Amino acid sequence: MTNDTISLDQLTGWLTRFRDLVTEQVSYLTELDSAIGDADHGSNMTRGMDAVLGKIQASPVVAVDELFKGVGMTLVTSVGGASGPLYGTFFLRIGTSAGPVSTLDAPGLAAALRAGLGGVVARGKAEAGDKTMFDVLAPALDAFDADLVVFSDISSAARAAYSAAQAGRDATAPLIARKGRASYLGERSIGHIDPGAASTSLLFQALAEILDKE
Amino acid sequence: MTNDTISLDQLTGWLTRFRDLVTEQVSYLTELDSAIGDADHGSNMTRGMDAVLGKIQASPVVAVDELFKGVGMTLVTSVGGASGPLYGTFFLRIGTSAGPVSTLDAPGLAAALRAGLGGVVARGKAEAGDKTMFDVLAPALDAFDADLVVFSDISSAARAAYSAAQAGRDATAPLIARKGRASYLGERSIGHIDPGAASTSLLFQALAEILDKE
Amino acid sequence: MKKLVNDPKNVVAEAVAGFGAAHADIVRISTEPIYIVRTEAPVAGKVGLVSGGGSGHEPLHGGFVGFGMLDAAVPGAVFTSPTPDPILAATKAVDGGAGVLHIVKNYTGDVLNFETAADLAAADGIEVRSVIVNDDVAVKDSLYTAGRRGVAGTVLVEKIAGASAERGDALETVAAIAERVISGVRSMGVALTPCVVPHAGEGSFTLADDEIEIGIGIHGEPGRARIKLEPADAIVDRLLGPILEDIPFVAGDEVLLFVNGMGGTPQIELYIVFRRAAEVLAEQGIEVSRTLVGNFTTSLEMQGTSITVLKLDDELTALWDAPVQTAALRWGR
Amino acid sequence: MKKLVNDPKNVVAEAVAGFGAAHADIVRISTEPIYIVRTEAPVAGKVGLVSGGGSGHEPLHGGFVGFGMLDAAVPGAVFTSPTPDPILAATKAVDGGAGVLHIVKNYTGDVLNFETAADLAAADGIEVRSVIVNDDVAVKDSLYTAGRRGVAGTVLVEKIAGASAERGDALETVAAIAERVISGVRSMGVALTPCVVPHAGEGSFTLADDEIEIGIGIHGEPGRARIKLEPADAIVDRLLGPILEDIPFVAGDEVLLFVNGMGGTPQIELYIVFRRAAEVLAEQGIEVSRTLVGNFTTSLEMQGTSITVLKLDDELTALWDAPVQTAALRWGR
């Protein structure tokens, strides 16, 4: 099954699936954070995504920008810490890029995700190899774009992004953290997967799964 | 052997022997105080009597009042807590009562000890049965006086005082403390010998032993 | 024992030296014998205020030496009353010709040593009056015992009597005002953990992981009851009940509410305690018109709190509000 | 876990409520969202100062709201930075038309959430400047990392920038003065015992009975070295060495020496630490002209201390001395 576009319902499904995945993996995320951070990434992400789904159910939206600006604001105001503003800005910029549409085509989705990444970098100033969520986001979007050029299929691109995300996540383990709380550990951060990288990989798992469903 | 008087040397011997006895019994005294007080009576008494003997050795005296005023002042300024002022006043008043003599006769010693007791009461306001050093001092001095009337012998009177002191000490065990730190315990002070009563009993043991030696 | 100390024997001497160095604008220290005195002492014509007692309750008393409060503080060894000689020396150092007030917490040792010092000062021609602080309702008062212990209420006595002396009141008046505070102030405390006396090296008592001691004394003396840990609000109710019944405090009273930390309790918890205490007083129609929250009368690193309530009148309130400049309490200058 | 709390989830809300009740003469509190603001805010024509961060470091920051220091403080959950919405609300509440300065401790979460709030405030037409405090020399600074952490030096930044704002300086100037303090202040701490986050219920790390952590962060983050317990003087030397080397501080410098308690350390120990720190500075020809000792930037009930040294000049000294009236720091009024 191939897809050219992603609908408002599918985008909502993406967020719902992401909420379910972080909830399933809450202890895993927190465990990763307790090794090199402050043991709250799992509870931060579930608190945030629960708030997001609560808001979506309470006040349904009609446009993609409305959806993602709401998601971003909710994350920003309910999570705190480092991940709140980072994930929040990611979704805010997706909304701004998408505009007041009810469907996104493949290039539109690619552009929106790229804008989201731009927001994460603008906020967190992470670079490749800093051992952050950037190390999943960037290769995942590169893979998405490259796959799209060849197959012009949004589902296939999402699957490519997810496998790049997993690789990126695992590749954070040997790195020395240079951003965020883990950076205070210096060399002692080596050998642990970054918790934000792990949750971002779940974001692409959710996208791939939701697009494969239809 | 009978005695009518006690000399400056014997009085110094009394203090020396008392120092030795509190030193021997330091853990016993502290143990008693840890049950119903703050576990420092042994160290308070040895610190004080060490200072007293140090002072006597450093600057020899020629009169009984000089000796005991020095003893009293040294205890007052080196012990602190409740026992410092109480023992200190006891010896200060002995000195004042004795006056600038080099020997005390039996009535003179009895009067001096009685003055010492008066000082303890003036300071601490203890009454019979309050579970304090008073419960040793008062019966010991009564026994000293009564024995003196019958036998006119200072050694015999001291032996009588010592046995009354031991009885007084043991009789503090069933009492409820009504003075000092132990009084905060109320009924929980029952069943323990009062530490100050125990050290005061050593004071009469020292007197009896020193008078029996000659 | 884990402490920031060098030789346990030198704890008081070193801490007093550090205190003197840190607050040289407010106090001078004497090292032989040890006491702390305000820089401008003796203040001619002003009643001098001296307090003291065993160390380990900081900032009590040294932290309250300065303008509008104490003229001198005499620290004994940890939890041991000082001997009369430093008390006498401090008394002489603050005598400005108008007499000296001794503020003494009600422990036999403290009372006797201050009494001796007062006698000696009188013999030197200094007029001395003494007041005995006994605000701890955990211990039953009685004519036939050593009576109630003096605890955190001492801070309020020192502040208010200090303001009275500072405005030029005569010794008689300063003593009477101190007595008025004493008659209107009641306290009770709770311990969650014991404290460790440096030269002893181990806890002065033990508490199980789920136990607290209601009615604790400031040297870790046993209180009224050892109970299982409860929510903060329930603990506050247990402390406040006996305090309010004691005088009693009644609807319409205007009071100062003082939540004191025992040394090791985070400030965030003291404010949770304050919140509930203020709520209970409001429910009973008692008006909290002045407040104090913090570590002011401590027991080394003990975790716990005590609550103190003082009945105010216009004069006591004005004296409380008067300027004070000490290391631990300061306003108005 | 033994704490004076009710429901761990309500710790911050209840403590802030208690704080507001205890200090109603100085602050008002907002409960939805939670922040603390000085009673007279916004002060027309004055630059507003806002700080904040995770709770558990009290009196930082709420205890420093008032005349001559902060206009508002925004407490997050314990050890968790607040979200931008309360920061934005506090920023609006203190904007008197002259702009607002955000004083932020250098943790990624704090920096990002304050940054977002600043963007939102700018969108509402409020001019916002931010300064990042990063005084902890235990962590190596580098352009390629999150840099040094912000710890107790924050108190000095808030006091001095607060005095600058209070005297009517423009936003540009207040920010420049805050930056001057930041560039001249360095700190390092030690932990003897861990702290317990209320909703976690257990120690944030563990230390053996004879171990201490040199270079601890204020959330219990690991430091430079875990070593055996040493005498206080040796520990002071370990903390002061890296501090003095860092800027460096040299003979002839005039400094403010600040000995901070981590929350659970008796005051008597802080003065033992102060004594040695002052001695070392004197030996090196560095003049200690201002001092601060006490629990000002805490980590709940952690036992330990941190030492902070700030290079002074005449202007910074005058701003330090300027009147301040907050719950935790007060002089001159």
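Labels for the chains are A, B, C and D, by order of writing; each one numbers its residues from 1.
Everything that follows uses one rule, which is that contacts are C-beta pairs under 8 Å (C-beta built on N, C-alpha and C of every residue); 3 or more make two chains touch, one makes a residue touch a chain.
These numbers were taken from a predicted model, which means no experiment stands behind them.
Relative to the C-alpha centre of chain D, the farthest chain centre belongs to B. Remark: chain A and chain C have CA centroids separated by 58 Å (rounded to whole angstrom).
Remark: chain A and chain D have CA centroids separated by 34 Å (rounded to whole angstrom).
In terms of which chains touch, the assembly is arranged as an unbranched chain of neighbours. Working note: touching chain pairs come out as A-D, B-C, C-D.
On the side of chain A, the complex with chain D involves touching residues 38-40, 76-82, 84-86, 88-89, 123-124, 178-181, 183-186, 188.
Contacts from chain D toward chain C in the complex involve residues 2-7, 11-12, 14-19, 21-23, 55-56, 58-59, 63, 78, 192-193, 209-210, 212, 229, 231-233, 235, 259, 263-276, 278, 288, 291, 293, 295, 298, 300-301, 303, 305, 325, 327, 330-333. Listing the residues of chain D that touch chain A in their complex gives 76-77, 79-85, 107-109, 112-113, 115-116, 139-140, 144-146, 149, 200, 217, 219, 221-222.
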